[in-house]
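We call the chains A, B, C, D, E and F, going by the order they appear; numbering starts again at 1 in every chain.
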Amino acid sequence: MTVIDHALTASLYMVALAMLFSLYRLLAGPSVPDRILALDTLYINTIAALILFGMQLRSSIYFEAALVIAMLGFVGTVMLSKYVLRRDIVE
Amino acid sequence: MRRLLTSPPLSLAVLLLWLLLVADFSPGQLAIGIILALLLPWLAGMLEPERASFGRTIALLALTRRVLWDMLLSNIEVARRILGPERVLTPGFVWIPLELTNIHGITALASIITLTPGTVSAELTGDRRFLLVHCFNLKDADAQVAEIKARYESLLKEIFP
Amino acid sequence: MELALASLIGLLSAAGVYLLLRARSFDVILGLTLLSYATNLLIFSSGRLVIGKPPVLQVDEAGKAIAPTLAHYTDPLPQALVLTAIVIAFAMTAVTIVIAMRSRSDNGSDHVDAGGEGMP
Amino acid sequence: MLELLLALPFVFAIVVLLHRSASRRTTAWLAGAAPLIGLGLLATLTPAVLDGTIPQSVHPWIPQLGLAFSLRMDGLAWMFALMVLAIGVLVVMYARYYLSAEEDAPKFFGYLLLFMGSMLGMVIAGNLLLLAIFWELTSISSFLLIGYWSRQNEAREGARMALTITGAGGLALLGGVILIGQVVGSYELDAVLAAGDQLRADPMYPAILALVLAGIFTKSAQFPFHFWLPHAMAAPTPVSAYLHSATMVKAGVFLLARLHPALAGTELFFYVVTSIGAATLLVGAWNAIFQHDLKGLLAYSTISHLGLITMLFGLSTPMAVVAGLFHILNHATFKASLFMAAGIIDHETGTRDMRRLGNLRRYLPFTSTLAIIAALAMAGIPLLNGFLSKEMFFALALEIEGHAGMRIAASVVAFLAGVFGVAYSLRFVHDTFFGDGPRAVDREIHEPPRFMKIPVEVLVVLCLAVGIVPAWTIAPVLATAAHGVLGDAVPEYSLAIWHGINLPLLMSFGGVIGGALLYLGLRRLINLHAVARHALGRHLFRVNTRALLTSARRFTFHVTDGSLQRSLWWVLIALIAIAGLPTLAALADGVGASQPMPVLGWAVWLVAIAATVGTVLLHRQRLLALLVIGAVGLAVSLIFVLMSAPDLALTQLLVEMVTIALMLLALNYLPQESQRTDDAARRWRDGAIALVVGAGIGALAYAMMTRPLDTVATELLARSLPEGYGRNVVNVILVDFRGFDTFGEITVFGIAGLVVHALLRRARIAADEVVPGVAGPLPMPSNLSHLLFPLALAVSAYLFLRGHNAPGGGFIAGLVLAVPLLLQYVLLGSQYVESRLGFNYVRCIGIGLLIAAATGLAPMLLGYPFLTSGHVEPQLPLIGTVPLASAIGFDTGVYLVVFGGAMLILSMMGTVNPPRPPVRRAQPAPDSPATTGEDA
Amino acid sequence: MIAAIDTAGTLTTLGAHLPVLPILLPLLFGAVLLLAERRGIAVQRAVSALAMAVLTLVAIALVRAADADTISMYLVGDWPARLGIALVADRTSALLVLTTTLLAGACLLYACAGWDRRAIHFHALFQLQLAGLNGAFLTGDLFNLFVFFEVMLIASYGLLLSGGRGPRMRAGLHYVVLNITASTLFLIALGLLYGLLGSLNMAELAQRVGQADPSSLALIRAASGVLLVVFCAKAALVPLYLWLPNAYSRAPAPVAALFAVMTKVGVYAVLRVYSLVFGSEAGALAGWAWEWLLPAGLLTLVLATLGALASKSLRMLVAFLVIASAATLFIAISLNTAGSIAAGLYYLVHSTFVAGALFLVVDLIRRQRGAIGDNLDVAGPLRHNAMLGLLFATAAISVSGMPPLSGFLGKVMLLDAVPADAVAWVWSVVLATSLLTVVALARTASQTFWRAQPWPDTTPVPAPPSRAQVAAVVLLLAYGIGMTVFGGPLMRYTDAAAGQLLAPADYIHAAHATAPQLREPSP
Amino acid sequence: MNAALEYLLAALLLIGSGFVLVGSLGLVKLSDFFKRLHGPTKATTLGVGCILLASIGYHAWIGDGLGLREILVTLFLFITAPVSAHLMSLAALKIGLQRRPPRPDAETGGVSGREPDEAGH
């Protein structure tokens, strides 16, 4: 185990914990925007998890997944917010 | 050329993106990249809600450097605040009167405000004259407005006249 | 790992079934969605649970192909099946949602049954 | 020849039915031609039949089943054919004048000919299955004939009752016939009739007998199935004269005669058939006395005579068979003429009610004379044909051997039947032709047209001729028929009128006296006209039918009440029932151990579990449930990431986004919260079954996962690169190994788009809740997403091109194209986007499917199977070697269909129109064509 | 397109591709029809007619080819059966393809009288539905069967609901949700089976079930139990039939008529999977399903007949008769003898045609009864009473198993084939329900055709049935009559088909023996 | 190989995931929506950026060559995070989680665009 492996392990722990924090907000609310924010954060946490996991496996096979989340993960946030704003998300 | 290259910066971005993605600078990939770089901005251009022109793009570099640095510094600040006691926080809204009229400029300013910690751009008025910003820890509203305008809006006005 | 996944599959199924029986079109759709997660995970798990061996053929450091066996790669077939299943489930969900919309609009209620609660 | 004979009535039936506008006269001539020509054909066959040879013809039909179209005319068949055709001619002639001008004569004669053909087919069938077919055809055609006056409730009910009872018998008969076939190994009559000993010895014999007799007794209106016959009197009188006296009701006794060599001759047969016949004889005769309707009286009388014939066949001795056959003929002649007379009376007076009739001998002297003679034949008065066969019956009853009890009982029954027969005959004659009356008749009564009387005259003359000189008239016919049944075992018998003074003669004499006394006594004791007989049979039939119907309704509407939940509930019950025990058994067989899981895995697991529970808890607040279920989807894709499935993770992520979009779009048109209408008990019950099912599935999954596996995957991995030209084995499976699945999958996807399009294109749906105010522009987000759009397209192209070697591929790329476009719809509005980017998504789907298909078709031109993949590496100037797998063509199709389908669905859902203002906003219309013309 | 090419060489080449053509052609025509939509209804009808003509020829060729004594395997993508997907044309699948095609031709004809204008994408969806149906019949791969089930189902949703509204939407929602639930269970079963046996090819599965480790037998049994529930739900077996009456009775007539074959797909799937994978080669699990299916089939038959008796509308009545016919099929196949399966196959074809005809003729009647529609209430006298009556009577006689039509022959074949130990139950149920069906139909006919009150003067005179509509019904009835007249050759065929089904070893052998053209065979 | 690089990467990783964690912690800890909005939109974004940087270095370090593709992830995050935050604030303002201050030019009546939607939920 090199330093970096330890750092990776620690990072994974931290990211896992971060995901649980986001989960808490998702379930606890109280408001809808809070939950949207929590889901959005969960997506971003996922990117971190993907990259870390790829490093641990020494593989870049999950890069595309991270890319797609970074690029399109916010679409859900946009739509949900738009729903709260207007109900009709495609006007 | 104008018809072929609807938006040179966007075309450049697409080409760069392509080459970064395939991580292969062979002639074949370059060719595909160029085709995409010409095709996609044109396609996207059909949807472009409003056109706006670019000005001094060289200022972009200065702005990028400034933003990255600010991000780093104030992230640390926000992290400290989150970890620290919450009651010392004094959050609040401020309206920032905009001098920018170029939509790209406004967008960039709003994004920068959001990306730099402590502030989130919350709303743009319909007439685009004011940007509502939520500050994580607002002490002096006027100073905050002045700082944002000085640090970012001035540079942005050069880039997006 | 297996126990965790199996318990998740079980919970998803139970939750899906419960929502399916709630008889409001939207709840039913949520239930079907949960059930489809459960299903996908179950099919997926039929290739067994393997960490870090995606079925994308690689070369090793020396540039030599890694032997294409189950020792180095996980079973790709269930993954292909799940892909198909996901797509089909999506298509079905879309159709169900639209029918639910139409049914509510035409019939004035989002209850799936005409006479309200029908007791089995 | 036999075929021609059989075809005649059917051909003429079709001719008549096709010429609906033809006059009564023409129609009647056509209808009469069939039996007339038939009689001619029969005449040419007669010499052979009389010789004792059996004209036959066999056409194979379904040899595997033993069903052949074989026809066979032995003496019995000949006698019945003669009866069917001859009386057929008379009935047609009679009906020509019976039917009024307004009535639909072609329909009547058409049905009558269909019946005639069926009856003829039944009697000359040489294969038992074929016989059963014609047997049922007589039921069907009689249904049509009884219901001819379809506006009358009585007619419809009578028709249904007859069909139900005789149909039931027909099914039983079919069963019996099949059993006979299984025992004998053939349905051919020759074989069956020769296998009597084998049949009687077979353990299935009681079952066979029960089934066959059920058919016979229902058809021939034997007690307790007799009640349908009086109700069949709702039919026009020619029908009654034909079907209910001469032919159809004789089908049962015909079959008794037909199968006599095969089934008769056992104690069982003797007791059952004789007792049922005796019971019918008495019940029919006794009831006949109390009828007020002329046809009702005749119907009960028919029942009684059928009982007599049945009883004779039950006795089973050769002599009894002869007597039975003889009585069949006699009854046909006198009863048909009586029905026709009743029809004339009805026709001329407008009523058949004996309480209103009387004294008709003054008005209809000629008809009265004929009817009285026929009635005397029915009563068994000497010098008429009825007397001869009845006396034979008395003699046979007195001669029963070996069953002293039966002998006495049968003799008593026979005598009583004689008494009753005389009594109802007297009533018929007295109440109709003598006494006072007629009462309350609204027309002038005169003799019917000449040709309407001729059939009656002919039949009455036959009654007399047979009764006076049997040896010159009926003897050859009877001999032939008897030979057909008994073969060489035909006994010596004499058809003389006078056998000296013996017990049978005394019985006859006593019967006449007793009958007269009974009738007069009854008249004196009670007011016969006031007796109201309620038909117990019909009552029971009605009650049972109604009970059946009510319980069927109650059950059906209780169970199939259109409840989806009930359907689903039963699916789950079935699942538990069929897979529950094996699951427990599998767990008992032992399961393997679990591998350890990394910490990220636990976090993801926790997210998934908590979000699933959250979804259930929050499901009534729909937006929240949607948010939470999004986390489940994300967790599932993370599980795919952890467990080495990058393609799956990507797909799941993208589908998740689109699904959220879909649900949000729909939620706009659905209530924001689920109303709670179910009670706690129900929720607990549903929860319990959900837990059982979930636990079962989880247990199965665990047991499966922890077991070693030998899969075809090794081979797939090994052959992916060299033969599928791709490193991403999942993608190679999708576009090559199992490309056909993918083809189906994109078809599903495309169809989903089409279905959504079809459902929403013309729909107008009100949003659940409208947010006030006009939509504001969102300049900042739309500007940024516009920047993102071309980049996303580039990523889509990237994922598409490299999918064969790395995670990606047509499906993923298609969605990566669709999602950013969806974002444009969300931020810029659908009208704006569609006015700028005029995609026709439907065409996109079509073209995509064609491209995918074309890729698959290309190798077929070279002689290889559909979807065989190929690979080329062309050298292009400047660019160098370009590896091209044909799979990329297929993937292009996938790409287009996925993009087109997803966008079609999303754009249709996004552009639903609100309902037009009030004028058109009607109540939701049910889909009955009356109110909406839905599928006009 | 293909019919135009008449050189012998091309035909030989096409002959090699026969098993894939019944799937491929409707798919292609479906796609073409999508593109042809803007050219108007006449062009679409022409393309559809061409599609049906070609497909009919192909189906006939397929049956003729299948009537040779070999099972032909078509390796899609030239992959060995166990790696890729193999299509299998044996007598049974070929017969079902032909049945579907013939039925579909009549349904299409009927729809072309006007419904196809009202239902958006009708022609394309119709072809795609055929692709799904034929795919389900021809595939030799269990997962591929799932995929084609879905193709068939989703197209059926479109056909059922396109142009509809109101209660039909609700009925559609039920139908969809129930089918999705069933599909979910299908996938669960597939996942378990793959996870236990490591293959999806049915021949391979059959072999592997036979050699399975005893410790996994209970698991396999559970998985195949789940699968059985799925198929039985599609085939509307008790207690899973509750969904059908509503869905079918609300469907537009040509669609309902086509749906007559949909329950048969479920029956076919049971027959295929449980005679092959869990058939005589399956060792300890051989034939376990039959003992469940026989009582269920008998019970379904009784309940469906009660439903028919209880029906308050003509369409509901026919829907229950469809359930009853599926139940009869289950009885036939679960008796699992050569004779009963042969009888079942004959009955399957018969009941498909006759149910289709009934749906259509009931629709014609409904249109003549104004506001009363197909409800069994007193209406005015039916216009075109004689013609409709004749059509209805023919169909009713056939469906109730009265002689002399195909229903009678099918029933006799079945009764004749019942093994001695089951005779008591099967016979009493089959005969009793036949009687009740006769009662129900007689009641209905008397209500509809005989009982009448004069129409109010205000009632508009309905348009007479169009020629196309009548022709469609006549065509379907003619198929039934043809089945009666040519019962002999047909029964020889079904006998041989049953023989193939009862010899899974031959099927397995064919799967192994069929080598790819280019590639190496599987070891 | 290069120990300094290794330590640098480890530090980047820890800093990055630290930011990610803090961002999510903010979600849990802070008391109202607008305060919580700050955590994820930037702390998390920056954290992911650091991790990506580490990833680039790591893959170069283990000899996969210098792939700069991870920059794209960061780029996309920087483009999209403001959109998300902006829309979420709009949503929060819409349902009245907080009131806006009056527009500076409200009295002068120079408002020509959209009136801030003050209606509470």
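Basically, a contact is a pair of C-beta atoms (placed from the backbone, for glycine too) under 8 Å apart; a residue touches a chain by one contact, two chains touch by 3 or more.
For each chain, UniProt lists the protein as follows: A = Cation: proton antiporter; B = Na+/H+ antiporter subunit E; C = Na+/H+ antiporter subunit C; D = Monovalent cation/H+ antiporter subunit A; F = Multisubunit potassium/proton antiporter, PhaG subunit.
Since this is a predicted model, take the numbers as computed values, not measurements.
In terms of the stated touch criterion, the partners common to subunit B and subunit D are F, listed by label.
More C-beta pairs in contact connect the chains of C-D than those of the other pair, out of C-D and A-D. Taking the mean of the C-alpha atoms as each chain's centre, subunit D and subunit E sit 17 Å apart. Separation between the centroids of subunit A and subunit C, computed from CA atoms only, is 21 Å. With centres taken as mean Cα positions, subunit E sits 48 Å from subunit A.
A straight line joining the Cα centres of subunit D and subunit F is 70 Å long.
Among the residues of subunit C, those touching two or more other chains are numbered 20, 25, 28, 38, 40, 42, 44-48, 52, 54, 56, 77, 84, 88, 91-92, 95, 99-100, 102, 106-107, 112-114.
With touch defined as above, residues shared between interfaces to two or more other chains in subunit A number as follows: 12, 15, 17, 19, 32, 36, 52, 61, 67, 71, 73, 78, 80, 82, 84-85.
Under the contact definition stated at the top, the residues of subunit F that touch 2 or more other chains are 18, 23, 25, 37, 39, 45, 67, 69, 72, 76, 79-83, 86-87, 89-90, 92, 114. Pairs of chains in mutual contact: A-C, A-D, A-F, B-D, B-F, C-D, C-E, D-E, D-F. Considering their complex, residues 52, 54, 56 of subunit C touch subunit A.
On the subunit D side of its complex with subunit F, the touching residues are 772-773, 776, 778, 780-781, 784-785, 787-788, 791.
Contacts from subunit C toward subunit D in the complex involve residues 1-30, 33-34, 37-38, 40-42, 44-58, 65, 68-70, 73-77, 79-80, 82-84, 86-88, 90-95, 97-102, 104-108, 110-120. Note for the complex: subunit D touches subunit A at residues 598-600, 602-604, 606-607, 610-611, 614, 623-624, 626-628, 630-631, 634, 637-638, 641-642, 646, 649-650, 653-654, 656-657, 660-661, 664-665, 667-668, 767-771, 775, 781, 785, 788, 791-792, 795, 799, 806-808, 816, 819-820, 822-823, 825-827, 829-830, 906-907, 909-911. Here subunit C touches subunit E in the complex through residues 20, 25, 28, 32, 35-36, 38-40, 42-48, 77-78, 81, 84-85, 88-89, 91-92, 95-96, 99-100, 102-103, 106-107, 112-114, going by the rule given at the top.
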